[in-house]
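Lettered A, B, C and D in written order, each chain numbered from 1.
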Amino acid sequence: MDAPETLSSFPVHRAVPTRWNDNDHYGHVNNVEFYGFVDTAVNGWLIEASGTDVRDLPAIGLVVETSCRYLRPVSFPDALTVALRVDRLGTTSVRYALAVFRDDDGPDAGPVATCTFVHVYVDRTTRRPTPVPDVLRELMASARP
Amino acid sequence: MDAPETLSSFPVHRAVPTRWNDNDHYGHVNNVEFYGFVDTAVNGWLIEASGTDVRDLPAIGLVVETSCRYLRPVSFPDALTVALRVDRLGTTSVRYALAVFRDDDGPDAGPVATCTFVHVYVDRTTRRPTPVPDVLRELMASARP
Amino acid sequence: MDAPETLSSFPVHRAVPTRWNDNDHYGHVNNVEFYGFVDTAVNGWLIEASGTDVRDLPAIGLVVETSCRYLRPVSFPDALTVALRVDRLGTTSVRYALAVFRDDDGPDAGPVATCTFVHVYVDRTTRRPTPVPDVLRELMASARP
Amino acid sequence: MDAPETLSSFPVHRAVPTRWNDNDHYGHVNNVEFYGFVDTAVNGWLIEASGTDVRDLPAIGLVVETSCRYLRPVSFPDALTVALRVDRLGTTSVRYALAVFRDDDGPDAGPVATCTFVHVYVDRTTRRPTPVPDVLRELMASARP
């Protein structure tokens, strides 16, 4: 197994504070919540870095596949950073690799979770696959390793 | 204080199973989740009992006020029933009184929480207040005490 | 590619009604929520079918890996069924294969999403991996294909 | 009606970024989520300003009553600030007044929502009401108007 990646391996970093109700019965951030962090990081980055509200484009990104591996538990009020890069940029789809870091662990620590996230772009009316909009494609290309 | 109301005081009953991640750090369904139960009960009832997808009507209900009092804790996998009635039906707004019951407590038990929920109807385009749609008004009138 | 599986391919079925706030900006149940459905189905089944509150056992299940593929969108108030089977039962871990079905699609329809979910059992105090408790192992063995 | 309060009327301010899945079917942050913001603001403040993990104290705060009025819609990726003050500090309970502000509205804007939140302190074992722990009482007293 390779050495775990650190924050500096990723071109994009997004702050995600935890919330009280992210914690579950066992006192840790529930596994479900990580997918909310990831979805928020990808869409927040697309919106802010492109200066475009991606929800108003003629093509919208539908999530077709996600996964996470949980390496260490975290707990509210931990502050987290979601780091991402574009792993594969196709004509109509994009695959992100993401890692979630706990800020208090410091810059050399490995992630607490690693995730993948795949968007397929579809025409907002017909919902048929359609090319990734140019304004987003350029941005995605800049976030490749 | 009046005797606590029971399920039979309410004309409408909606089943709401709890979910694993409704529980919080203390092992109880978090206070926040009750508002999801209430929102789901009101909208699910409006959609199913009217036979109309309320989201497609020219007037939509915006939530302007909610409240809950928490009387006893519940915990996943408790099965809950949200009971509701229409407390006040105005020209452009409707106020619901709701109570959440734990099914295992039996039919004579008091609620675990009581809540209020107010919808104001607005034109879906202009977002200006507009009369409650007739198809919903009839239904609401039938759920008054 | 194999024919999509139907509900009858799975030994365990759990009802999961959707909630109003499962829907996201695009009017569909958000990808994140499916992980709540899966977590709820697994834990609810373990608790009810074993007659044991799994949270009180000396060994508890920590989620170490999850994934979902989203095949078709669903939307509140759709009623869903989460179907599951045990794919791999190890000494200290168990891997579930799950599929989410939309009830209105009928019994011969394929799933709207397929997911995986892996629990590692750890000692509740030391959090070191420990064998799956016997009461749960028997149940899990009964849910293999 | 009094002029709406601004951020400067409140002694405590907590940043709460929105998340993608806070938005609901109508494209606004769902009414339910505001209670998560409020719960997070109160508990996050108690933990960080007291330097004490409130969950480990012999007395814990149970939420017994909450309410919100929604004045204007907000939408992801809006950044919000939850402002709070202690409205009433009793022997075993504390009532907070909170207001949620949208950062892009600027410092003189009124809130997008106003909320109340009441904690009753109980012995963590017996769950009987018990005095607010001293370490928290001092902090709460400092946040009165």
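The criterion applied here is as follows: a contact is a pair of C-beta atoms (placed from the backbone, for glycine too) under 8 Å apart; a residue touches a chain by one contact, two chains touch by 3 or more.
Given the structure is predicted, the values throughout are model-derived calculations rather than measurements.
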Note = With centres defined as the mean of Cα atoms, the chain at greatest distance from subunit D is chain C
Query = If you tally the C-beta contacts for A-B and for A-C, which one comes out higher?
reply = A-C
Ask   = Between subunit B and subunit C, what is the gap in Å from one C-alpha centre to the other?
value = 28
Ask   = If you average the CA atoms of subunit A and of subunit C, how far apart do the two points sit, in angstrom?
value = 23
Note = Cα centroid separation, subunit A vs subunit B, in Å, comes to 34
Ask   = What parts of subunit B, by residue number, touch at least two of the other chains?
value = 20-21, 25, 27, 30, 32-33, 36, 39, 55, 76
Ask   = subunit B touches which residues of subunit D in the complex?
value = 25-26, 30-33, 35-36, 39, 55, 60, 62-70, 73
Request  = Would you tell me which residues of subunit A are touching subunit B in their complex?
outcome  = 20-21, 23-25, 27, 30, 32-33, 76
Key: Contacting residues of subunit A [partner subunit D, same complex]   = 15-17, 19-21, 27, 36-37, 39-40, 43-44, 47-48, 55, 76-77
